[in-house]
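Some structures to go through are shown next.
After this come two complexes, each holding subunit A, first together with subunit B and then together with subunit C.
Right after this comes the complex of A and B.
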């Protein structure tokens, strides 16, 4: 059993707007082990991105957080921002954002931006020649064609897939322990998607990084992740080893999610969208967040919030009536 | 030589407004720099000819009330306008960038304090500031520059701040924050360079306003004093003797002010056309 390098315990994040409160994360608990790829799946507004942004304290100032995020024995939520900036960002955790077309500064060349990232690495390289070699090596590893040409190019001259590879390369050269990939394939073509995911899985193998892979694509995650976390309405509803969660989902939400992926072949009768709308993050809830849309709902579900209970090795369910 | 279609050079030379602006401003700058060489007479020497002569072969623009050559005075006058324009343009740009970036990117209380100052400044008309400054220090080109720098900085700061606010939300800025870059670093390497486009445009527009204001303030007697060759002052001298002097006497300084301001305006507008739509 490898050790935990990141622990999120009962995280709550509220955005304090002038006239209302947005409950972005209502109760999230999960952990990341060394050298594993963990997938967080959920619809928009489920709280998956905000939970991960909290580990880097990259959220706006007008928020209220509760709970703990523990790395290396420190609770990130209690530390000063300058401490987080010096010790966590880029050092322990680095992040790949969703849209590669805007994740790179348009006015600087690729090489310039990668060199800049090197400045924030744990161990500096120092020598300018060695830096260039290092950068070209990494681009090579990520199968970027003609890296010597690419480093002189500007972001708008490259394709989406290429840009995403460069963004990942930047995260790579920081050599942080953890990489958070926030929907890295969502804005790319399907054919490029798998290439990018292959690149990310190599990070685990060759660079011993642990990865948190956020997506709304269950099938994609099921192919590559060791463990999965399913979130809805700001709460973790189910989590566990991927094959268990994917092949034997116990939360009605996970089951419903699996059913609403349109099948390309085979039994089309199994395709069923989830009725209703996504839970409004401004709404205060008394019971399970999925209750209004759940086929199996009973009276208790709307009155009491179910707790996340352990049902097996690494397996947790939040439901009064799991399958 | 292949010129890239997206290069600045290409876009500038294809934009008529910007080109006209550049030509006009360049000519005025040359006039100012080469003044000692091209001016036929000393602009301050009196009684060179009879007073208030019409343009003739000896004095191409005629003479003023003290017998000085108008052409030479006009040529040297370009220096005053350009010095004022450049000083105010650069000083206000420097201050506006510092205040605007800090207010926009850092935000919070700093933003509130800076913007309240800006609001106070914006509510005082430029002329009043000029009068007050002229009353405290003796009126001169220097006081004009101080007063106008004051006045132009506030609006400029607003413009820079709003651009900084927009840039703050860009993903690449958040990505930079996520790898641990400090706020100062991000301000200098990410926010500042991306605001330079609108900064240059605003400098050109401020410069054109400065030329007009300097002329106006000197016309009122609150700026450059005789025997200065400021175009505004020449207009003032002309306005006092509209019936006695030849028609050209009032028209010429006015014309030069008009052309320079037009040139600077065209430059600013042309830059704005070039910068925004096509880069996106």
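Right after this comes the complex of A and C.
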């Protein structure tokens, strides 16, 4: 549990557009340990998705990156494309995206697509009959009903929840060490969401994978993750063990985020909206990204960018005046 | 012909046994080959709801529950197969006089889920927001229009200067405010909101919800359609839970959340991340087809408590004595 298998150090990602620069990730540092589920929570423009896409180098060409992403002693940002393709994508790291409809090819059957993925697996299965057996087994583990029928179906014939399980199955059968799930349940109904997340956490144990779970839903992450990273405006504002971050948040942003989610129990008057607009990723900032909207802001907050400081075991805060 | 029914005058909106079925076989040839066994999607299947003036009613359900179709049906944007919709005592799903038609259109307004596609990109905000006034059939002076425009913009937290801009100059949350302003400007009796915060970031959603809370305090009557049980609890006086075209439980919000009776309602609440409730239940299996559904309770195939009768007979709605809680489940004989 305590060994780090992925380290992101002071990552910066700028998209270079013809007339402007998009500061997608302004400063992100986090790490993933073996066998843990780590959650990254953030709203639009927080940099959560781009940070994780960077680990797979799945970004457009016109970008400028700084910092390090370290796996097995290699800085992924400095390696050749061919190396990344050979060693990282689908090997060390596999990814599940938000919309399963877009991730699956509409003109090929489910079975065909899963067999295609098997070609990239570390341990090849070889035998066609054994491959089919393997695919049916893994679908079964994901509680897909009638897997023998499903493998002959096409994506459009399946529900969203089904499709997402298949995409997860494909990611799992690749035997990667790391699974990055980017909002995998956002497009699903809440009852299906629960099932799919249960599946991910159960199989993470069986397959000994480490998972990065990206979501805008703090409560969802708090239910399943060992540690959490809170991002806003391209920066990590707070991170630590889930228990601590969720029950005793120190960043005014994390606190505000918790308060602006309508409560299921208790006093409705505890609900407090966060004013202002989400930070524009094109804006150059001199201070804390959350400053314009922060209840506790002081003069220093707009003039200087606070650093991510360690305040305890695995606990880091980026704020001049933490709670 | 008198279309006003006295017992419906107390309600602002009264929907009675509404059915909206969509045909699967659409072409003549398809219908011919069906040999009499035509298939229909039972999108809304015998739904009855009441809304009093100044009340907010939440229609809650997952995808395929029929909640949006119900909203469209009330608005007249979907063909009613069977049933009646009464607005202030007037049956609106029937032939209306020009005057009645005009009254209905001006007083039942809708805000949609996607702020990007609901605003005409070629129109300035001033045009977008005042358009309902222009097509209302009522006459307004220029200064009246200006006044109403500014009030509507202020009510949603936008500035008068924003009126000269185009939709693309605004963020998603701001666009949704514009859509709300456009509805408020005609001062409608009833507003139907269909998942209006689902596509927004959490912090922006909280701002829109705040606008709705303010509107509620000004006694606005609203039907709020959503899948999000947290949002539904915050702004609704009463909640109706839909599953496969039917309302399976409804009542006062506090009642439903503190004492959910229907297994589906309990499963829905159990599945919400961060819900610290006891005795959570989880449903197995998939939603069966909405096409010509089997008789009996719609939840039969997935319900952990199902009995024989649940398969063959659809449960009647049971009401508690004060009218604050109703549920349709064979396991609940009385409340």
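To be clear about the criterion, the second predicted complex is superposed on the first by the 322 of 323 C-alpha atoms of A that agree within 3 Å, B and C clash if a C-alpha of one lies under 4 Å from a C-alpha of the other, contacts with A are read in each partner's own complex, and residues count from 1 in each chain.
In this text, contacts are C-beta pairs under 8 Å (C-beta built on N, C-alpha and C of every residue); 3 or more make two chains touch, one makes a residue touch a chain.
What you are looking at is a predicted structure, and each value in this text was computed from that prediction instead of being measured.
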For the overlay on subunit A, clash or fit between subunit B and subunit C?
fit
Which angle, in steps of 10°, is spanned at subunit A by subunit B and subunit C when each chain is reduced to its C-alpha centre?
80
A:90 contacts which: subunit B (first), subunit C (second), both, neither?
first
Give one of first, second, both or neither to describe whether A:105 is in contact with subunit B, with subunit C, with both, or with none.
first
In the overlay, answer first, second, both or neither for which of subunit B and subunit C A:174 touches.
first
Mind working out whether A:242 is in touch with subunit B, subunit C, both or neither, as first, second, both or neither?
neither
Looking at the overlay, what does A:159 touch: subunit B (first), subunit C (second), both, or neither?
second
State whether A:120 touches subunit B only (first), subunit C only (second), both chains, or neither.
first
With the two structures laid over each other on chain A, which partner does A:256 touch: subunit B (first), subunit C (second), both, or neither?
second
Looking at the overlay, what does A:210 touch: subunit B (first), subunit C (second), both, or neither?
neither
The chain contacting more residues of subunit A, comparing subunit B with subunit C, is C
Counting only touches as set out at the top, which of subunit B and subunit C does A:29 meet: first, second, both, neither?
neither
Minimum Cα separation, subunit B versus subunit C, post-superposition (Å)?
9
Would you tell me the residues on subunit A in contact with subunit B in one complex that are also in contact with subunit C in the other?
none
The answer for subunit A against subunit B in the complex is residues 56, 58, 61, 85-86, 88-91, 94-95, 97-99, 102-107, 116-117, 120, 167, 170, 174
Residue set of subunit B touching subunit A in the complex reads 108, 170-172, 174-182, 189-190, 193-194
Can you name the residues of subunit C that touch subunit A in the complex?
62-63, 171, 173-174, 201-207, 209-210, 227, 229-231, 233-234, 257, 267-277, 282-283, 285-286
Which stretch or stretches of subunit A touch subunit C in the complex?
43-44, 145, 159-161, 189-191, 193-195, 216-220, 222-223, 256-257, 260-265, 268, 271-275, 277-278, 293
